[in-house]
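Chains: A, B, C and D, in written order; residue numbering restarts at 1 for each.
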Amino acid sequence: MKNKSVIIIGAGVAGIEAANNIAENGYNVTLIEKENLLGGNLKNYAKLFPDFYEAGEVKNNLINKLNSENINVYNNNEITELFFENNKWQAVNSQNQKFLADAALLTTGFTVFDAKRKEELGYGIYDNVITSLEFENMYKTGKITTKQGNIPERIAFLNCVGSRDEKVGNHYCSRVCCINAVKQASEFKEIYPDSQAYCFYMDMRMAGQFYEELYRKSQEKHNVIYIRGRISEAAATLDNKIQIKSEDTLSGLPLKMTVDLLVLMVGIEASIGTNQLASQNEINGEYGFAKSKGLYGNDNITNKKGLFLAGTCKRPLTIPETIADAKAAANQIIKYLNQI
Amino acid sequence: MNYNNFIIPFCLGASLLLIIIIYKFAKWLSKLDKKQKYFVKRNFFSKKSIAAINEVFREALIHRNIYRKNPLLGYMHMSLAFGWFLLIVVGKIEASFYAGSFFEEPWLAIFFKFFAREQANFWVANFFSFTMDLLLLIVLSGLALAIIKRLKSKILGIKKATKHVIYDKIALTALWLIFPLRLLAESSTAALVQNGSFLTGGIGELFSLQFAQNVELPLYWAYSSVLFVFFVSLPFSRYMHIPSEVVLIFLRKWGAKAGEQYSGLSDFEINSCSRCGICIDACQLSFSANINNVQSVYFIRDTRYKKLNDNIANNCLMCGRCTEACPVGLELTLIRQQLRTKTEIAGKHYYDYCENKNNKNKTDIIYFAGCMTQLTPNIIIAMKNIFSAAKVKYWFMDEDKGICCGRPMRQQGFVQQSKDLISKNTKLISKSGAKLLICSCPICYKSFKEEYSLDIEIMHHSEYIKMLIDENKIKLNKSELNIVFHDPCELGRGLNIYKPPRQVLSKIGKIIDTEFSEKDSLCCGGSLANTVIELETQLEIRNKALEILTKSKPDILATACPLCKKSFTHAYKGKVMDIAEIVSKFLYLQNNSKKQEIKEKEIFSILK
Amino acid sequence: MTKNKHYWNQYQKEIADDNYFYERSCIRQSFFPGSETTFLKILREELGKTIIDDPNQHTCTGIGYHSDVVPFDTTMTVCARLFSLMKDAGFKNYVPSCVTSFGVFTEVIETWQNFPEELEKTRNFLRKATGREFDIPNNIVHPSDIIYKYRTELKNKMKYQLINQETGKPLKGVEHIGCHYGKIFSKHAVGGAEFPQVLAGMIEEWGGEVVDYPERRHCCGFGFRQYLVMANRGYSVANTKKKFDSMQAYKPDFVLTNCPGCTMFMDRWQYTIAEMEGITYDDKKMGIPVLTYEELAGLLLGYNPWDLGLQLHQIQSESLLNKIGIKYDPKDKFVGKSGTFLGEPNKPEKLIVDYEK
Amino acid sequence: MKNWGFKISQARIIDLDKANTKMFEDLCLKVPSAKRCIMCGGCSATCTASNHTNFNFRNCNLMFRRGQFEGLAEELDKCMLCGKCKLVCPRGVNTRAIIYNMRIILNKMNYKNIEL
């Protein structure tokens, strides 16, 4: 009975967590990852909001559990096709190698918005306009500097880049960028207390536990300055600083300032894999994300029998939410494998 | 005298028609502006009038333009127009011949068969009779096609037929009835006195003598009455285009041009629209967004009947595709712009706050990026690059946010405001002493060229780059890239600049043709001129255009307008680049081989 | 509104039951001269209380203080002198007729209690200036508090009730409390700052109905600086207008106030609004009568309206008198105490002052 | 008329009971996206007129929405209709059409060449 198997596509937070849970129950798991290293988007982060927990630790805890003999990990394997045939779920990689199993779990996750599509913000044009991911990378090294190697005296974070933007077709809120901006601004101020951090927002959405507290702390302790207004133009000055223009909507006046570093809080988009595999199986929902059967109790199953979903391939989620979702998916899969 | 009471409706209708047309034409001619009147006076007695007659013959009677678009549709128009024209001309000759005088009763030709009962049966009469029957047959065949078109327009190459107003329907019904009734009336006479040829005679033979006697007079009454209805409804229906177009062709040949202001010429143009509906098919709002009630035909119709509303006046991308398609050659975009003009508030100065913009430096060359280009900084950087590579000194006029060129205001009908902006910019430009103005935005470019009266040279950056290449000031690297060039509306159809950008791009890569290019090119949907449609509709238009443009999966989708670039970038995951950006990337740096190497790597990276 | 259980009922204050030291108001004596006399008469004759009306009394500096021309030290010293007069008379319960004074006294006493050094300083100032000594009063209440306290006793002696004689329904009264009565220290107000009961209690006890309208708590617009500087007067009147605009829909029969400024401004600004913009707030273009609590109590007790000084109001009150059913002789309206005719005042252009039934 | 030396001050308050909000509803029939504005201020940030004057489209739109028309027509006259604001709006509001229509409504403008 227990020789039944499941393929999990994507070894990010959701994939690994689900793999561990399923394997603990004695089923065989094939965990497939397109990249060399496991951990998915979690690899990109140094610390997590709202408690500054080490992202590396979360990742290592997840990966360390993977040594169960029931789990086979295939990295550097990009799945291009996923379909149900001969009573088996079959995943085909780019080298045409096939993986077969009784059930499949999509944990293909997200990718960040390509900020170059918002040309007016100058990403990819000016050196000192960076994305939140690049900020994380710098933070990991402990040195946040401008491209010229200077310590930024002023840094600005811009929320909602690629989220809540009809022009790029993303009407939804990515949910994590607000709190991430608060986190990064706080981190920045921890390192450079004498520098000034600004955060430009349309709405501050602090709807998670301890988010509001972190927001408040960033104001009180770190003196992060919050400006309600969207930046709509950025241009480089002669000394490689970035001049930004926004409206200070609460005072009703246009506002311009020069910053050393402009950080674009890029939103969450469905990853290419999510988009591709979901549409192949006709479970593609809005904006390229995969669609579950329903939000209430059916969030991990799909209209396809034996095909399950977990994590950010469905919608933007935080890491604790993803872990919980992966556990829920594992639970559903085990139930399913028991039945067949 | 050849007289019967039934000629009264015809004579009455014809006189009324004549009076109305003379009154209307006199009114419109008096409304011509000074320049137009000057041309009319100068060229009235010149060869141009003869050319006009030729043109009238070709366009108004033979409908060459429609024929080119669709032969069947052309035949329909030709058979009706030219056939009827010949019926009148030949009928007139026949009647004159019969009466032995050129000044016979004017209605004799129309009801000839009825009055020419005792005509001698010799070859001339037979010839006329035969010719007239033949012509009638041609007209009737055209009529049959017209009926088919009404019922199933696709057969005649028209996807969407115009929806007509009540005047049109009355006139149309009358028009459709004229020739069958004439056929029947003449056939009944032919049955009685045997003066018909193959058609009228042939049908006449089917009539019994008794029947023919009973129906002859009523049929002539009906024929005459239908003529009355048609004549009286003509000036109020779309058939007004018949007389109007004739005058319009003369006016055009004489050199009268439509200006910024609405004039008598515009009146002629508006009335020359035959509501054929070809513009509906050309319109992207129709085929991309399924909006089928705002096109030029409806715009002009509503203007004529004084029913114009904002929804129709402003629901237009002003891309100019309908102007290109119009068989009558009406300048539809210009007319729309003229008519959008709003009532003004006297004595207002709007943009005094721009006064503090000063130019202290004298310069030979001005670069004007334009408002839109401010949001595509890549273009500005590219232009700066090109200028420095060509070692050109220039003044970047709107580096710190300039004054708008005024065209967006003009397009929305705010003439006074537009003039205010134009005078502000003109002052700045003339102070600088420049000899050349380079624009990055085709909208500004068109404005500078047509709405400003600057006596300096004005160029779009694609033309300027072409010039720099020709003068050997910059050199480009050649590559294997496939490039699709999207013609911006204002640059292409607006100013007829199709070649320079292509010549530049062909030095860099291979230009791939698309289904719609040059005159037929599509609007990107980002047009500012439409203030009715919402973003969603604009995106539909953009997506359709993008789909067509990128069918061949080019390496680069090139354009020469910041607005087009912006529209496409948001949706297309491939490369969308302005021509200046591409040139800047492919600049060949002669004296610096190391930099050149880096450059080549960069080019390679574009492909990724 | 008092019919339901309300939290403001717990906001009660201590009101002494006898032996009051009365201090008159600066402006009331000239604008509504009948009120203070009536108060003394009611207390002495109807309630049998001892109340002293010292001829040596003077201003509390309230208007000067709130107009930023008198410094606080001066105000404290002037108040101290008034208290010393009370000490001389041997009284402990201070009753200032004016709400501004009431506010000033409570503020001064509060200051002394929190900053004893200020009290010492004031004692010094007073000693140096006049050689006088003073005590802080045991009880400081506004006259309206006293009327409120004895509203039931008074009701038993009243000839009339606040009931419309024609319809038999209670008359609708707008009560307006002076800001400085409860908004400076709500503990000194009966019912607190939000729902002061002092006037509402009287109206309801005496048969009327209190109108609860949206701008009930809004200031009358006096505001000292606002009225006293002509450039600001438009703001002052705008506040009054806002109140009347808001209460108009309820068709109140009268306005009852306990503050000299409020009585004055709600009465006189009605004239200004009528003359400037042609707006009056009743059907007959006569305006809504504005009464002091003493005048109302006097009327209901059956005193002659002309003795109460109602003819000196801008808005004439015959309509209200008729509604209550009070008998009066129109001929006596402008006859002075001496029995001679004083002459009639000039009539406004738009506001009607002659009552015709 | 008497010279009072002062006038009754007008309230600065936005009184939504009395304000004419119907005008905005009518505007929304023409430009439905007007409702979608979330007041992010991106439009004013990029606006040339806003950089030189106190013109503020976001605020104009808000004032129109709240039925506060005083001085609004003059304020809108500063706009050059260049359309940059439309390009940066994250909610896809047809800002340019809003200004155009507000102008027409507030100035009671009409078509010059057509007697309607």
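What to note about this one:
The definition used in the following text is that contacts are C-beta pairs under 8 Å (C-beta built on N, C-alpha and C of every residue); 3 or more make two chains touch, one makes a residue touch a chain.
Values in this document were obtained by computation on a predicted structure and should not be read as measured data.
Taking the mean of each chain's C-alpha atoms, the chain whose centre lies closest to the overall C-alpha mean is D. The mean-CA centres of chain A and chain C are about 69 angstrom from one another, to the nearest whole unit. Averaging C-alpha coordinates per chain places the centre of chain A 52 Å away from that of chain B.
Separating the CA-averaged centres of chain A and chain D is a span of 40 Å. The distance from the centre of chain B to the centre of chain C, each centre being the mean of the chain's C-alpha atoms, comes to 82 Å.
Chain A has residues 120, 166-167, 233 in contact with two or more other chains. Within chain D, the positions touching two or more other chains are listed as 46, 51, 87-88, 92. Residue positions of chain C in touch with at least two other chains are not found. Counting only pairs that meet the touch rule, the chains in contact are A-B, A-D, B-D, C-D. Residues of chain B touching chain D in their complex: 262, 266, 303, 306-308, 310-311, 313-314, 338-345, 348, 350-351, 353-354, 356, 371-372, 374-375, 401-404, 406, 408-409, 412-414, 417, 421, 526, 528, 531-532, 534-536, 563, 566. Interface of chain A with chain D (complex): residues 120, 160, 164-167, 202-203, 228-233, 245-249, 252-256. Residues 230-235, 237-238, 241-242, 272-273, 275-277 of chain C are the ones touching chain D in the complex.
Residues of chain B touching chain A in their complex: 374-378, 381, 535, 566, 569-571.
Across the interface of their complex, chain B is touched by residues 30-33, 46, 48-49, 51-53, 77-78, 80-84, 86-88, 92, 94, 96-97, 100-101, 103-104, 107, 109-116 of chain D.
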